[in-house]
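Chain IDs A, B, C and D follow the sequence of writing; residue 1 opens each chain.
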Amino acid sequence: LNEKLIFEHSDPGRKGYSLPALDVPEAQLPTALVREEVAGFPELSEVDVVRHFTRLSTWNYGVDSGFYPLGSCTMKYNPKVNEAAARLAGFAGAHPLAPEHLSQGALELMFSLQQELAEVSGFPAVTLQPAAGAHGELTGMLIIRAWHEAQGNPRRKVLIPDTAHGTNPATAALCGYEVVSIPSDGVLSAERVAELMDENVAGLMVTNPNTLGLFESQIKEICEVVHAKGGLVYCDGANLNALMGIARPGDMGIDVMHFNLHKTFSTPHGGGGPGAGPVGVTAALEPFLPVPVVVREAGQYRLDSQRPQSIGRMRAFHGNFGILVRAYAYIRTLGGAGLKHASQMAVLNANYIRARLEGTYHLPYKQRSLHEVVFSERNLPNDCHTLDVAKRLIDYGYHPPTVYFPLVVKGAIMIEPTETESQEVLDEFCEAMLAIAAEARDNPELLHQAPVRTRVGRMDETAAARNPRLKWEG
Amino acid sequence: LNEKLIFEHSDPGRKGYSLPALDVPEAQLPTALVREEVAGFPELSEVDVVRHFTRLSTWNYGVDSGFYPLGSCTMKYNPKVNEAAARLAGFAGAHPLAPEHLSQGALELMFSLQQELAEVSGFPAVTLQPAAGAHGELTGMLIIRAWHEAQGNPRRKVLIPDTAHGTNPATAALCGYEVVSIPSDGVLSAERVAELMDENVAGLMVTNPNTLGLFESQIKEICEVVHAKGGLVYCDGANLNALMGIARPGDMGIDVMHFNLHKTFSTPHGGGGPGAGPVGVTAALEPFLPVPVVVREAGQYRLDSQRPQSIGRMRAFHGNFGILVRAYAYIRTLGGAGLKHASQMAVLNANYIRARLEGTYHLPYKQRSLHEVVFSERNLPNDCHTLDVAKRLIDYGYHPPTVYFPLVVKGAIMIEPTETESQEVLDEFCEAMLAIAAEARDNPELLHQAPVRTRVGRMDETAAARNPRLKWEG
Amino acid sequence: MRYIPHTQEDIQQMLETVGVGSLEELFEEIPKSVRLQRPLDLSAPLSEPELLRHLRSLADRNATPDSMPSFLGGGAYNHFIPAAVDQLISRSEFYTAYTPYQPEISQGTLQAIFEYQTLVCQLTGMDVANASMYDGASACAEAVLMAVRATRRKRVLISEALHPEYRETVATYCRYLDVELVPVPFDASGGTDMSALSSLLDKETAALVVGYPNFFGVVEDLAAQAEVAHGLGARLVAAVQEPIALGLLKSPGELGADIVAGEGQSFGIPVAFGGPYLGFFAARQKDLRTMPGRLVGETLDTRGQRGFVLTLATREQHIRREKATSNICSNEGLCALMATIYLSLMGKSGIREVAVQNFSKAEYAKRAIGALQGFSIPFAGATFNEFVVEAGVEAGAVLERLERQGILGGIALGGYFPEMSNRFLVCVTEQNSRQEIDALVAALAGGEK
Amino acid sequence: MRYIPHTQEDIQQMLETVGVGSLEELFEEIPKSVRLQRPLDLSAPLSEPELLRHLRSLADRNATPDSMPSFLGGGAYNHFIPAAVDQLISRSEFYTAYTPYQPEISQGTLQAIFEYQTLVCQLTGMDVANASMYDGASACAEAVLMAVRATRRKRVLISEALHPEYRETVATYCRYLDVELVPVPFDASGGTDMSALSSLLDKETAALVVGYPNFFGVVEDLAAQAEVAHGLGARLVAAVQEPIALGLLKSPGELGADIVAGEGQSFGIPVAFGGPYLGFFAARQKDLRTMPGRLVGETLDTRGQRGFVLTLATREQHIRREKATSNICSNEGLCALMATIYLSLMGKSGIREVAVQNFSKAEYAKRAIGALQGFSIPFAGATFNEFVVEAGVEAGAVLERLERQGILGGIALGGYFPEMSNRFLVCVTEQNSRQEIDALVAALAGGEK
């Protein structure tokens, strides 16, 4: 069924709110400061609003709707108790500028989470302030730059493999660095890095496991190469879900890493945030962390802002606290052995999908996969492409994998199942993938026309970009 | 998409729960008392369970999904704040047998709700104990019988108009009464009642407005007729939504009435309960109310069970308290004028639908409609019947009206819009009804094959009843 | 008013379409003589924030296990409810829907009820279960009426160890139906007295009703009771007030019960001052057509797909009217869904584990209290998660003392059994930590502080 | 583990299919030298009930407006959140979805963002708005970078009356980009000093950034500032830390702002100790292609139906990499949805009414406090729902005294402005009753109890 825009439901005089009667005299602002009513604002009853958003929700697909193998996004199950936890009145109602002695519960939770993330990652110091992965990247790269500045030379360039997320180069640019792209062959070789590494290079940004789902097996040597020339190594922690309890970036020689709590630590993605992107650093970099940092002194927790070498503040207040609560709840629920088990099952699931599909879909890189597996469109016949497979999967009831990324694989199909999916779910998904491959051979129109079971078909994205309509105009 | 039964998702060894470790020694029951594991019980992870019920929910249609004009069911909007209210820890966690001085909030709420329902209905005394409308009916008719018993003669018969809900005769039977059906011509005449009323008749059960949406305009005379012969009048309060602030059953001569909090007072229907069916009675009948009754003494509230003439207890504890909280919240939100406005708009909406459809659909009774309007299938051509119209409405995105009830109308289509629907919604619905009437004329197959947009088509109900499969057998 | 969308302009337009000049005119069929001539005398409306503040202030005046450790049971139990339950039942497609009369757009509710019926059968060991009833007490009353229908007999034996509020409810339902209710005493075990039972049971007896476990927490000997009852053609009705017990105890079906009626509140439903709860009801195949309540059955649709419908409605009031097996119409659908979700999460091992925890913790408490000077455990029978304590002094005074120390120690039995004024009922669930139990024992031992 | 469905048997079967002998073998590409050789040293796992108890005990150690009347604002505001907001965002189709890359199964999120963009434009008086940013401070920093891009100038004037944490964030973002940040002082009105501004603005200036209302709650003269800025080709950035004000104040767009960046927390999002919040961002059509952040646009599908897609992605990092307008990827989608629902409920009259209530209550408090012996209102400018109080003595001591009387009276300004150690910021919203305000005033007047 169709659903109009909220503005199209509006009727003058309708109300969806109630407020107590004003219990003080109504005051008057100077007229010059006062606006007219907000033109175009909707006017609806509560039931109108509830139905509108309820209906809109039915056009969406979430992890609770079904399998969501979006590569690099770690769409694991979002535990329900964590939602309840974040809504506890003492968390949801705590003001960020309340006195510290009246915020001890919140501060203790943050301090504990810092410690736990430190233990999982092998970094001695962690900031919880960044609001998202890319925000964490920016924080981390600013720290690297600040460290270089403190050494007296900020340097000019940053090395980034061609498999990296687009946020990596964008972040380096925001720190005033030139980006040097490293062509990789699935994984990065220390040799290749050594060729590019010199005293003009501030550092290297890697993702490990990388976006092909492969472990950067020379990571230790690579870090040594970078360090030898006075550089630092940044790790994009998007794929930490492969490594918990198995290996720690801090032990590999990496200097800075961000976490995606909305990936590895099961906080919901919210249709595009809010997430949280804490950053872990080596002891040498700790003085550069953004302020404030939560510290414990004599059993009391406080916010420390007196850090002269800090890069400063990345946002107002202390971080996406509501997300931190969920991640903390997740870690406390699984414990150390549970986190390791999660990573093991995530990797097992990815390898299981790989084993079942490898004969049918083309696998460009043959190294052992970790938490995700990347196929290419090479084996698809009859002008069927990755996009067609993705859209056809929708008709089978699945969210498509990530497609056309990483860029180094032509028509990449990047599948990350996560550990919360059962063998049955993976089997059904693999059967759908195999059926689609058969359809591509025998009945390619099914792919080209897909999806047909959704409320809308494929969108004219070109028209959208050519003549942007970015708001309702009445 | 299909969704298996929960048992079909099960896999031995999977878990969806967690409990703290047992912190006392594990005790042993005598082996003879101990069962084997519960054969057939499902074994699933939390995500399996969450997805299962999330998917099942998408096959349902609720008030939040759209217009739900189910006649006689008063499917009004269920306010969201009331849901939050019922979940407050101090309500959800209060034990029914906790000491009264530690339950004052709950008892005050119940006492206040008793008073409010008394004011709305015109009955001086109200019990909140019954769990549903039919339970309230039973409570009310037991009170009537108990009163007659106290007068020395229980009498034998109860008069019930042919428009009544099936619960009315079933309830009378449960009180040991024979049912005498009164043929009515839309409304009941005092004359007709007088013909049937004698000293063997314990009373009359009426619904007002009745199930045709018509006000029983001779109600006062009818009550007088019944009273004159020593009988009592019971009112089925299912349709109270037409009358709030406009007329009170207690002022009409009625002796007993039940309320449907899940109709008139906006508590959600829950897919078939829980509801609540409080009962209001005249002062003469108050001693017969079920125990316990909430009373106020010296500013304190307590549960009074010392009532020797009481019919006894209708269930354990004090009523569907969680539902009472929602109804109380509703009444406190609307206040007296708001309740009257709700009834006015409910009646306006029903009359608006009537006005728009009357030329096309056959209207068997011409009196002014109140909160609902009943059409018949008489004008439908091409072997199209009420059922076909109902199913076709589903394809248009609506829940069908109540059909084939009341029994006195052949192929009844009973539409109750309630006050929470806007003119726009009613217009769109009426246009759908008119379009369906046109389809019946021009393309009747569309009706006969409907619904086509749902996950399942029409069901083989005959087979279901002939060879009942009432559980999963593996 | 945020719940009513009509603007003044809407109202004018609609009145015109209807063809009346005013709202008043819509009510012209209501005689002036019965019209209310004044405004309703109710409190002024509250805005949403005011309402919440007011309700919070009421809610805060009730004790809860979070504010005060509690050992209250007696038919309403403090069990942990996984967060997933509330989040799933809060989906509006479930909670704002009506009874699933239109199966094409109600398969969610219907399939869930079908699953619920199956779970109830598995747990009780019975053949068929209905879609729910109001609560344990009224389900028990319906069971008695069903036994009367099925046997065409009018005499029913009721154990005095059955929950007193269940007994009262049965009495109310039977009041005018010419059914004779005969109490059967309990013995020193706290279970139904078998010799009294044997002497009271006769060929006119429709049913024997016992609690399993009973009000004293005692596990009745259902097998022996079934044997006696069946020997004389009577039905055995097992009333289960604490169904967590069925995770550990032999099922009533296995032991010979003919009807199992119980309270499902323990399965994911808050205690909520006594409701809404969940009456569950199961029976033997042979009695199917005399069962009360809604039933969901499996069938096929026109496209050959599996689906579910309300079925066997010819037993029900909206078809059979005064000849129906019950007058029940709406039941406790959403509570049945809560139980279905809860049991799906707990599953085979969870229902066992939670039962073992309840039993073990209650045993721990029972032994410790039984060993205290001045207290004893008067009943010898095996118990599940509740047990009776004999205090030697007035139980009310003991409980008040505990209350002053911040503990809700149990339910005084004198109100239900005048001869038991020195006794109280203690319930221990998986929610009571050892620390809480130890505190209770210490408080009992310590006397007034 | 209830979140991981694998049974031992599943694992064995899957390992066989994969063709490895053990789980360890799956990780063979990870060199031994970087493997963790010990278990992670984390606390033992908690069951769901233990977890909730633990978290409740932490939560209970934070003050909230329910436990203590609060006059804290400063960028995080205690406004009423209608219950419908949380219930709608709790629909898992919304909150468990990812960024809407696949429009065919993401129309819910996409249409809601399109509505959000529209609401932001209407409220700010601007042409285009993005799909959200992290918070007000980071949105403000992005606005500065955008102004730098759009003007190709590197000098930015920042009002010292802008929220200090916004200023710090802007500084961090600009740190290594060769942007010169020049502070502009405020005057006795509490607003940006216009004469200082005129002298500091030059032809190299990319932008002027002011708060609207500013950190002191003062309503800046945007029109005058726009005139000066535009005269020299600079952009005016209005940073809105309290957007409820926009229900009453002239929109920044109407007054000439070129970019509006703000904090949307006030629109239905809990204060939650500082996050997650909602950065909103709006600009002029002419600057569209230099805007940061996601954009949703309207288009048609293959069947000719209206639908929505992410668009103009060529500005973004996943396409443009180091040449992108920002590195932002995931934003605050669910918070944008909360704001959309909140504003839909409040609507045209609600946003005005709540703004009037905030303003009127704050004025009531301001006048009462200003009239007290020993206190004064140091800034003369019109304020919205916050104002600065001059105590004559150390503000921290005054606030501690209020705290002992159960009131969170405001935010001490000495930490942000060393010269203001005697001043504090008081915020009054529609949630503060007159009674609370009177209590605050009385407590201030009363001195130490």
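By definition in this document, a residue touches a chain if its C-beta (ideal position, glycine included) is under 8 Å from a C-beta of that chain, and two chains touch if they have at least 3 such contacts.
It should be emphasised that the depicted structure is a prediction, and the values quoted were computed from it without experimental measurement.
A count of contacting C-beta pairs for A-C and for A-D identifies A-D as the more extensively joined pair. Over half of the residue-numbered contact pairs of B-C are shared by just one pair in B-D, A-C or A-D, which is A-D.
Between subunit C and subunit D, the centres computed from C-alpha atoms are 48 Å apart.
For this pair, subunit B with subunit D, the centres built from the Cα atoms lie 46 Å apart. Subunit A and subunit D have Cα centroids lying 20 Å from one another. The set of subunit C residues touching two or more other chains comprises 1-5, 10, 48-49, 52, 56, 66, 80, 82-84, 86-87, 90-92, 345, 430.
Counting partner chains per residue, subunit B shows two or more touched chains at residues 11, 14-20, 44-48, 50, 54, 58, 63-65, 77, 79-81, 83-84, 333, 420-422.
Interface residues of subunit B, counted against subunit D in their complex, comprise 11-21, 44-48, 50, 54, 79-81, 83-84. Residue ranges on subunit D touching subunit B, taken from their complex, read 1-5, 7-10, 47-50, 82-84, 86-87, 92. For subunit C in complex with subunit D, the touching residues are 2, 48-49, 52, 56, 66, 80, 82-83, 87, 90-92, 345, 430-431. Contact residues on subunit A toward subunit B in their complex (touch as defined above): 1, 9, 11, 14, 18, 45-48, 50-51, 54-55, 58, 63-66, 77, 79-80, 333, 397, 420-422, 424.
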